[in-house]
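In what comes next, subunit A is part of two complexes: it sits with subunit B in the first one and with subunit C in the second one.
Right after this comes the complex of A and B.
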């Protein structure tokens, strides 16, 4: 729903510029690239999205102190040797030797140039590691916006007449919290029992809610800010699923015990963000198409009409059609235990919809609902989404999208 | 509210768009003393690197299981586990068993009843006595 400037988001989530010689361990492993000064924005971004640690450290892990890293000069940074058990999340160096991470990267068909250190970082929820350089909060914010953008533009362009409530429900069916947790499960993500620096970096790390305790206050459903939450408010102020309240920010969940669903969805979102930073938007779009749009959702099952006959007559009045008339097409067993009536809804000589039911009224209601679905689920033949022209010089393939005047107001 | 929406979750159809191999990890358990592990040990030395290279999406672990028969244990995406005892099998036999585990979905073996299983609803609509052949009343 919301437009974002992706490049600005990407620069916000990155770590502050580091001294040139302190490259990330992934780059350090490739000796050939050692002497190259990263020139392009993308290369620079790659070094920054994984918190860079010098690879020539001693046996213990060497991390910059978080408080000291805010000092302007790098020389003032305090270096403390920590044992892995003292770290809140696994050291980035441990990622390269993790069999689980290698397997996960291959399972998702990600290219070799996507560094495992970043993949490991996307698995660390802020509840496990409060340091924003080592957790996935910033990447998941970027990924959440990318997922919302790609999903809503696909749905709006494919079904231009979809009512707003149904559009929200369809977006939630593709990238809602439950859907993302399911996606993470289908990608074979396992969660660690307890986060820590010494555990396998290929496991999802978050602080679990202790048994018998309810959701933390920030995740509990709050009362709406206003008694009258309008659709406009849902579009502009809250999340992409039309909730009455905005969800808590990813950075606000530091040290808060969270349910596993929240951690799993933050991983999937962070992975999208990390892919955008490292591989660029064409690959992210392909990844999104393969892993999210490939899922099966029948949009026609999302509708829940209260008074379809009244809605249909309003649609016909608005569009200048003749007012709809229900006519019996066929029937069987009217006096039996199982009568079946087939009723069509006609506007003049055009049949708008047909429905079958065990009473005349039921069949008429079903026919009106079918006619409304046929109207709302109109699909243009050729669809080009706005993001398909991003960074393309040739715009001859672009087809302007249909903008509908919206659902009928009853 | 004249129109409201029903909340659902889009269903995965593995293989449409992307394919995720259901086999997540295979662990190879061997014994150094028992003769039943001879084929397994030669497989680990000779063929396991090739098998691992050909299947990068599977996490492979090798661990000793002293004074027991050799066994392959596979973990699947849906949370199930399958294990195959490979006692007295030769190198090739162990490789075949490992490929059986790799190709499995982790579901229980069951008979497929109907030839076509579809998530889409039927396009034929409701049965009606007046459709099809002409009925003279």
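Right after this comes the complex of A and C.
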């Protein structure tokens, strides 16, 4: 099997590479003023995702047509210093002197080598700045896939028998738009009232929806393309949360007013992408574990069984167990207004689940639901996620994960 | 108060002289009930038999945790199977050691854990509904007969009657043949009956449906 270099995965999302010839001495002196060691690979990595280098790039630097059409002055005539009010988003030069960005980097315990210019870029939503070299669209696409990969591999390896719908719900609970907006709020991200070049770069910048107007059409929930949207379609065609329709692309939201939740979500995703590009995957994995997997989610509350007794008898028939029998363990007040029955579901002599209810039917159904949850929420003792062997030559720690044959379909 | 006393003084009780000697009697309804019967012994887990500090674990009774996978649901290669069987063996051994006669006490030749008797099978609780075996007793000929009877006269041969006659379930009769006209009429009459319900009854039924939907969700 061929190894994939992880750093190459993001290369098509980044700015075009720098010219091979040496930087001019003026640029080197300028870098020395910023306390950066020149000709380091870290700087190269940084320049890849930070547009600040445009000032220092040699005359041979090519500018794509897209950027030229949107910012012709900045690319063709670099000598002219534009007033910050004329720029759609803060200039990358302003990031180094931003107290908010310094505080954010320290609060997230990010190392010093993570550049503030990139941190500032992750805070610019495409609705504020349509230029893909200055907004966070490309980074948020990378970060979205990283988040989806790490979350789903953790959930699938930890709960190998989880039904697909529950898996979708759990992924949404960990890295859905609401969860990411909450994470951004807990990190202390504040939003600017109106994006612009003159405002503080440490604020989240996006175009707000005017008061009294609804969601834009691309973000509104749409009618599914087909009445029968299958689970396979949800897995392969749409987003990681199993929606019926694919969400709009990050690049498609230029000049579209968006809700603050969408902007905060794109910031967190873009930060993950930027961390991956600058610090490498081991640090991103640690960051993900600390900030996302540390959040408590009770997966057992995500189930909704319609016919638990039928499902359970199908499970037992499929796995070759004796068919389940509901047995009355204890009861009180059968003839009173509030009786309580405790019923256990047994397969042979083994108790599979137990439930209490105010009628025999209720207790039986609850016991079957508890038994089904016990089946689906099985956790192996030791779990090694596939990404833990990424970039490691020693694969002796790898243990194959349990792969279940799937949920029961009645 | 004073009137009561005077009244009592005026009409004293006319007591029949009893042949038995008057003895003082205190029954259990008064003193003993209040003092002694309420002095219950402490729970065994709270009565410590040693002076060293121990951990008291006395959880309230509650439903089992769904994250504790039953032994039957564990895959074959899971380590917990071995752990569970070890724990079972240990508890059986310790139970046997406590009950052991002096001959089989530890240290004697008869004390050995190599061949343990099987775990005493405790009787299972009674089933909620009588368990039944699936019979699969109907042949193609009988199924065809069910079809003809139900199609010819669905008002006489209802599902219940057919199920009783052929010894199958009503659900099976419904699977084999459907009487659509009769089902539509029945649904219409049910709808008529439902329309006569008052607000309280209707709300009560709707609430019951909503509670029923929660059975499979918050268990």
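Keep in mind that, in the parts below, the second predicted complex is superposed on the first by the 349 of 410 C-alpha atoms of A that agree within 3 Å, B and C clash if a C-alpha of one lies under 4 Å from a C-alpha of the other, contacts with A are read in each partner's own complex, and residues count from 1 in each chain.
Just so we're on the same page, a residue touches a chain if its C-beta (ideal position, glycine included) is under 8 Å from a C-beta of that chain, and two chains touch if they have at least 3 such contacts.
Predicted, not measured: the structure shown is a model, and the values here were computed from it.
Undergrad: Which partner does A:200 contact after superposing on A: first (subunit B), second (subunit C), both, neither?
TA: Once the two structures are laid over each other on A, A:200 reaches no partner at all.
Undergrad: Is A:102 touching anything from subunit B or subunit C once the two structures are fitted on A? First, second, both or neither.
TA: first
Undergrad: So, A:290: does it touch subunit B (first), subunit C (second), both, or neither?
TA: It touches subunit B, and subunit C stays clear.
Undergrad: Considering only touches as defined above, state whether A:187 meets subunit B (first), subunit C (second), both or neither.
TA: first
Undergrad: So in the superposed three-chain picture, is A:402 touching just subunit B, just subunit C, both, or none of them (first/second/both/neither)?
TA: So A:402 only meets subunit C here.
Undergrad: Between subunit B (first) and subunit C (second), which, if any, makes contact with A:360: first, second, both or neither?
TA: second
Undergrad: Considering only touches as defined above, state whether A:327 meets subunit B (first), subunit C (second), both or neither.
TA: Touch status of A:327: second partner only.
Undergrad: Identify the partner contact of A:306: answer first if only subunit B is touched, second if only subunit C is, both if each is, neither if none is.
TA: both
Undergrad: Just subunit B (first), just subunit C (second), both, or neither: which does A:168 touch?
TA: A:168 contacts subunit B only, not subunit C.
Undergrad: If I apply the document's touch criterion, which positions on subunit A are contacted by subunit B in one structure and by subunit C in the other?
TA: 301, 303-307, 356
Undergrad: Hey, which residues of subunit B end up touching subunit A in the complex?
TA: It comes out as residues 1-14, 16-18, 20-21, 24-25, 56-61, 77, 119-121, 125-130.
Undergrad: What residues of subunit A sit close enough to touch subunit B in their complex?
TA: By the definition above, subunit A touches subunit B via 99-100, 102-103, 106-109, 163, 165-166, 168-170, 172-174, 176, 178-179, 182-183, 185-188, 289-298, 301-307, 310-311, 330, 332, 340, 342, 356, 407, 410.
Undergrad: Hey, which residues of subunit A end up touching subunit C in the complex?
TA: 300-301, 303-308, 321, 325-329, 343-344, 346-357, 360, 362-367, 369-371, 373-375, 377-381, 402
Undergrad: Touching subunit A in the complex: which residues of subunit C?
TA: Touch list, subunit C to subunit A: 63-64, 66-75, 78-80, 121, 124-129, 131, 212, 215-219.
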